[in-house]
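Lettered A, B, C and D in written order, each chain numbered from 1.
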Amino acid sequence: MRYKDRKLHEEKVFKDPVHSYVHVRDQVIWDLISTREFQRLRRIRQLGTTFLVFHGAEHTRFNHSLGVYELMRRLVDDHFKGRAEWDDSERLVVLCAALLHDLGHGPFSHAFENVFQLDHEFYTREILLGDTEVNAVLRKVSDDFPLKVSQVIEKTYENKLVVSLISSQMDVDRMDYLQRDAFYTGVTYGHFDLERILRVIRPAKEQAVMKYSGMHAVEDYIMSRYQMYLQVYFHPVSRSAEAILNHILQRAKHLYMTDYAFDIEPRPFVPFFKNDITLQDYVALDESILLTYFQLWMNEKDDVLRDLCTRFVNRRLFKYSNLNSDEDMERYVKLQILFAKAGIDPLYYLVSDTTSDDFYKASAQNPIMMLMPDGSLQELSTVSPIVEAVIGKLKPDRKIYYPLDVVEAIEDDALRNEILTLLRRK
Amino acid sequence: MRYKDRKLHEEKVFKDPVHSYVHVRDQVIWDLISTREFQRLRRIRQLGTTFLVFHGAEHTRFNHSLGVYELMRRLVDDHFKGRAEWDDSERLVVLCAALLHDLGHGPFSHAFENVFQLDHEFYTREILLGDTEVNAVLRKVSDDFPLKVSQVIEKTYENKLVVSLISSQMDVDRMDYLQRDAFYTGVTYGHFDLERILRVIRPAKEQAVMKYSGMHAVEDYIMSRYQMYLQVYFHPVSRSAEAILNHILQRAKHLYMTDYAFDIEPRPFVPFFKNDITLQDYVALDESILLTYFQLWMNEKDDVLRDLCTRFVNRRLFKYSNLNSDEDMERYVKLQILFAKAGIDPLYYLVSDTTSDDFYKASAQNPIMMLMPDGSLQELSTVSPIVEAVIGKLKPDRKIYYPLDVVEAIEDDALRNEILTLLRRK
Amino acid sequence: MRYKDRKLHEEKVFKDPVHSYVHVRDQVIWDLISTREFQRLRRIRQLGTTFLVFHGAEHTRFNHSLGVYELMRRLVDDHFKGRAEWDDSERLVVLCAALLHDLGHGPFSHAFENVFQLDHEFYTREILLGDTEVNAVLRKVSDDFPLKVSQVIEKTYENKLVVSLISSQMDVDRMDYLQRDAFYTGVTYGHFDLERILRVIRPAKEQAVMKYSGMHAVEDYIMSRYQMYLQVYFHPVSRSAEAILNHILQRAKHLYMTDYAFDIEPRPFVPFFKNDITLQDYVALDESILLTYFQLWMNEKDDVLRDLCTRFVNRRLFKYSNLNSDEDMERYVKLQILFAKAGIDPLYYLVSDTTSDDFYKASAQNPIMMLMPDGSLQELSTVSPIVEAVIGKLKPDRKIYYPLDVVEAIEDDALRNEILTLLRRK
Amino acid sequence: MRYKDRKLHEEKVFKDPVHSYVHVRDQVIWDLISTREFQRLRRIRQLGTTFLVFHGAEHTRFNHSLGVYELMRRLVDDHFKGRAEWDDSERLVVLCAALLHDLGHGPFSHAFENVFQLDHEFYTREILLGDTEVNAVLRKVSDDFPLKVSQVIEKTYENKLVVSLISSQMDVDRMDYLQRDAFYTGVTYGHFDLERILRVIRPAKEQAVMKYSGMHAVEDYIMSRYQMYLQVYFHPVSRSAEAILNHILQRAKHLYMTDYAFDIEPRPFVPFFKNDITLQDYVALDESILLTYFQLWMNEKDDVLRDLCTRFVNRRLFKYSNLNSDEDMERYVKLQILFAKAGIDPLYYLVSDTTSDDFYKASAQNPIMMLMPDGSLQELSTVSPIVEAVIGKLKPDRKIYYPLDVVEAIEDDALRNEILTLLRRK
């Protein structure tokens, strides 16, 4: 039997707290799970710094990736199989893409990518196509199979229906992470009727569409996303932690580039500092290594690095204020000047961020299409007043973060008060 | 207001997926949570190597410790307060003991303690009484408060009722971990009616007792424990991972003691290798550091260290066979000889373990006492046929672990077959 | 001890699938539950005809009333007690009002009230103040206590805060029924974070208000309501069953008034037909009696009564079409003429209904007020873009119902086709 | 297409709170659900008088029957289909048997059957084979199909595997009712891992067997059953209500047989009193009719009938005492004499019952067989120490029931005290 058709002698089952069980029958899937690149995802948290706010959210991308695979398996095996619009020869590529779609994520993905200007999608591709255990497994299917999997993940695959299953407003990736993140954080608002949604998804020419009879489940899913963004993904305390993390890495890089003498050479980081990164270097990094170095750096002589690491490791985070109006921007500039005057480096101690507008956009290239009773397709927000109503309600939110304890310790009363007033702390 | 009575301006709430919310009003509790020693528990998993079997079980001792605190808070504030047998001046010491009872756990506790012959209870005491942030907070309550907390945890505290709340067959520690581990593993059998149990616990002279009307809930709790032990805590694959971990540490120590030249000096481990450990050394270790070194050691020249680390990090675990009869022990001895003959060091590659008999024992010093309708106390198993029936059903289980892949690669057919037959693999 | 302060020797506990347990300590509450008028609620379903669509929804008003009481008890005992704005001498009146607020509901409330032009609120008052077991218990508290309880339920009670707890946009009545109806129907969308909401409700001068920090929970509650209305309360099949029920009662009344000779005298209905109803008559009716008579009437000689009863009992419901535009109204008139022409009495076989606009209205007299961080009060929709967005999205919906089987059996092809076309069935 | 193979144009879905959804594709199943005999099950509670103890348990046999059907559908379509040991031509008969197995249940089954010496299994057969709508649907499949369905339910069907799916220690009937009754009562102990169990059931020659790997799930199921029996099915208060119900029917029969003049003729009961029952009579009865007559009888002149009906309707139940030893039986006889002496008819006011020993018996004809890794079959209790331990722990329990209020009102102090002492109430 060809490798791609080989089944395990006996089905393997992973107990999963979100989907009850993850089922594996295909030898290919089993072998992929056993690769070192996939096992590495056990050391990368799904929600980055969120565990510092929601202590339950300690789950990893390994956990999530199995979930995405399982949802895809249920979708294609239990619901699509046998339908005219579904080509079952795409089954394996789409299962592999589901399992491996997060392979290129680095430790604390966003901060890390930001500082070193990396792109996890690039590295996912590298791992799929490069000299890796994952690639070796995929090549056993066929020579062009690694490329196909990578194209599905990169959305360049020819069969757009297949792409839409993993990259659209209602793909299995989002479905898994919304439920999973809700489960682990304990936030009740992230639940929606997954079983119903899987039942009303229909394969169509260019993308999967939703049967109109599942409208309420779809609306509820959209509302769940809205709530999860507001309450979990954009939580300001988690963003504060991420801001610190970001500036730890920036500081370390800056020190390295300016020939600072580290007590312990930051070996795994050097390629990143020098922007001369091999696939090997990239895959070697994970969150345990970052946390180890952050702890070592808590003893470095550099005040900024030492302080920021201590803050991150022992969770002494920055406080935050809003910065949403034009008038606020003026405040920000003034604050930078005053911070500098007080001897607090604004580059590291008065930082800002803005939430991305990653929420549902009807205008986006992958809108949710409803399959109406008369067979026509309608974009979701045109048939759902409730979705129409919430679109665009998630405005980008800008905040500044700063160490309130340090500000409050400024000795000069006038200066301290001026700063506190501008921070809206008085 | 005295520090011990100080309340937060506004109650702090942690979202918890198991108990919905963890509520903090006391300044002392809030300050303890913010200490570096308590934050360190974020980097120590609750279930050690279990996440390699149940991928959902990535939760930490931080997560669990908050839960134990919350259960204790509900018990004393919602159920004990106002009862004649309860002295509410014990409230703070018992809340602190609940929160801090796991403070001394090291990374992958059992394996680590085993190899270096450490005792987490000793280190909990050290952290409570030594020069730590936790001690500084506790001393603000009163000079003897750290000692009191430590006595509660060590079961030497004068008020035995207080001790029993945290160390008995039905203490809040067990109640939290059974529910929490069931939640995170996804195992359905670990649930019991916690709310009911909290309602039927009554303070009594020497210990907490259970009202007879809660009998069914107590039986169900015992059955849950039984199932969790069988299915999760004693899972052979998790024990296989622990066996490897154990032997990594043994090998590293052996190499260090025999002056092996490590590529990178294993700095954080040196005090442990030399058995000259300061509190500082102890607290500095966590699982991120172990995982970091294990990855570094995947490149060491020593074959055994390199191989074992690779197995642990990439999850290529040992297989197992039972070893429960006398005849089995003979097999074990023969296998050791044959392994050596095949050039596979039995010291590292043919290892065994036995499950402890940690399950409910009626004869134990802290039996569960039922408060009967007539006011008398009866030991649980004497009034519950079902509990009486399961006592002693969990026999110690002995297994051997070995790298089946290596055995199968032995070239000498006769030797290989002899080994496989003895391993019951043929 | 005065009756109103008397506590049960031991707390009574009802196992409740929605709130885990319902706790009763007060003798008054216990005695009220034991009255025949309260026990009668066991024979009146909470959701009328909805069980014919959602088979799980067989729960009764008894079930719900205990739940409302329990939520109120938690609110005042666990959250309000001790707050300056809360007068704990109102505790008992508000618990009784919560328990008894649905006492006057008749069988299949809406249809029944409609046909006989009754008002359950009037009968609740009658039962509280008349010669009933409930009144006897309440009078033991004090002579004016029955009136007080009735005033709270009728919203005329002096203390407006007390009234708001049971009659407002976020009262405990709604909180219980949303969760309970979601639980029993199995609809996943009806869940919201009840525990959180109970924690952020604050007593204020004229009404209960919600702390701003609970905004997300409140938004989620509003969305749950929206979904429950759309999917459960306004479900067209349940409305079809209600339309039939309505017309059974109308037909029976018509027959009685026109001296039709019933095979079995409809004794319990006679006072209602004659509109000469004593409290005794009212309380004597319940859904078991209606279902019994409907079954007896399945053997009556009157074709319409017999047919409608058979349809209701054996669930052979009318089909439905929309009737929302002006043009639709014209269709309706035409259809009535054609039905008559085909010998199908449109009075009973072509009926319409419109959903009430019972959803959240910011303009209503009891808007949800948010307690902002600065201490000011803001109406919910002015601070929540999502609530602002959904207000007014639930438009009244008009439908017509008819026996499609009968229409399809019309022999005259032209007439049948004309009707089917107008019904949008062709 | 033959009727038996006909599929609905579009799958019908029932929302079910226990199994999420019940799916119907087969025209036969849809038509059966629409029959009046199946719809009648909406008016018969699943747990008889249990709703008087667990107010949540108001669900009906209609609710349960859909659940049994759904579990059977999942078992044969998702798990058995394609296995060599499974003959898929048995699919329809087993689905119908699952759906219809409770068809013959009368109102408050046990009490009713008891008094009139009826057997619901006999009536299930009558409904399947007699002149009913159900029979008409089944005959459309084939002439012998009604008989086949009836044989499966009666366990006389040739294919014993098919029989075992619906009548064995682990059949889908039990699986549904344990979960469903736990859900509706709110009792937490009734849950087990249904999904896992469905996955490890294997068709075998004479019966379904359980894969050894599902042992823990099976153990947990057995423990759930044990707990449900103890806590729900054998609850003494529910048995007290059933005792009253039983004696209402006995009294009414006695009155009828002794020519008592009822105010309203008990028409639907007459055939039962006279033991001359047509299928028509049987099917015409349901719980709404019983409850209606009980309410009418609350106004009868006969003291006993009036009192017992009032007790049942308004839930003024008998109290209970244990009666398990020989010495107890002596007490019982003495009490009967004393009751008579006090003018309280012991026939109706001092009644006893014994719980049946319906729990798991290894010796039963349908033991649970485990499919061991070596392919052999082992009876469950021989391989599970925990099951072995609980077998036989549920001993028959005998109780007496009596109106404590009436006893306490006996004027003769000595007599009253003697009775109370014997009732262990003093």
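The rule we apply is simple: contacts are C-beta pairs under 8 Å (C-beta built on N, C-alpha and C of every residue); 3 or more make two chains touch, one makes a residue touch a chain.
According to UniProt, the chain labels map to these proteins: A, B, C, D = HD domain-containing protein.
Just so you know, these numbers come straight off a predicted model, no measurement behind them.
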Using the touch rule from the top, work out which pair, A-D or A-C, shares more C-beta pairs. A-C
In terms of CA centroid distance, which chain is the most far removed from subunit B (HD domain-containing protein)? C
With centres defined as the mean C-alpha position, give me the subunit A (HD domain-containing protein)-subunit B (HD domain-containing protein) separation in Å. 31
Counting in whole Å, what is the centre-to-centre distance of subunit A (HD domain-containing protein) and subunit D (HD domain-containing protein), each centre being its mean C-alpha position? 51
Provide the C-alpha centroid distance between subunit A (HD domain-containing protein) and subunit C (HD domain-containing protein), rounded to the nearest whole angstrom. 45
Can you list the subunit D (HD domain-containing protein) residues in contact with two or more other chains? 20
Sort the chain contact graph into one of these: line, ring, star, complete or other. complete
Give the list of subunit D (HD domain-containing protein) residues in touch with subunit C (HD domain-containing protein) in this complex. 14-18, 20, 34-36, 39, 42-43, 51, 54-56, 58-60, 62-63, 66, 183-187, 284, 286-289, 291-292, 295, 313-316
With touch defined as at the start, can you tell me which subunit C (HD domain-containing protein) residues reach subunit B (HD domain-containing protein) in the complex? 13, 20-21, 195-196, 199
Where on subunit B (HD domain-containing protein) is subunit D (HD domain-containing protein) touching in the complex? 188-189, 191-193, 216, 219-220, 223, 226-227, 230-231, 385-386, 389-390, 393
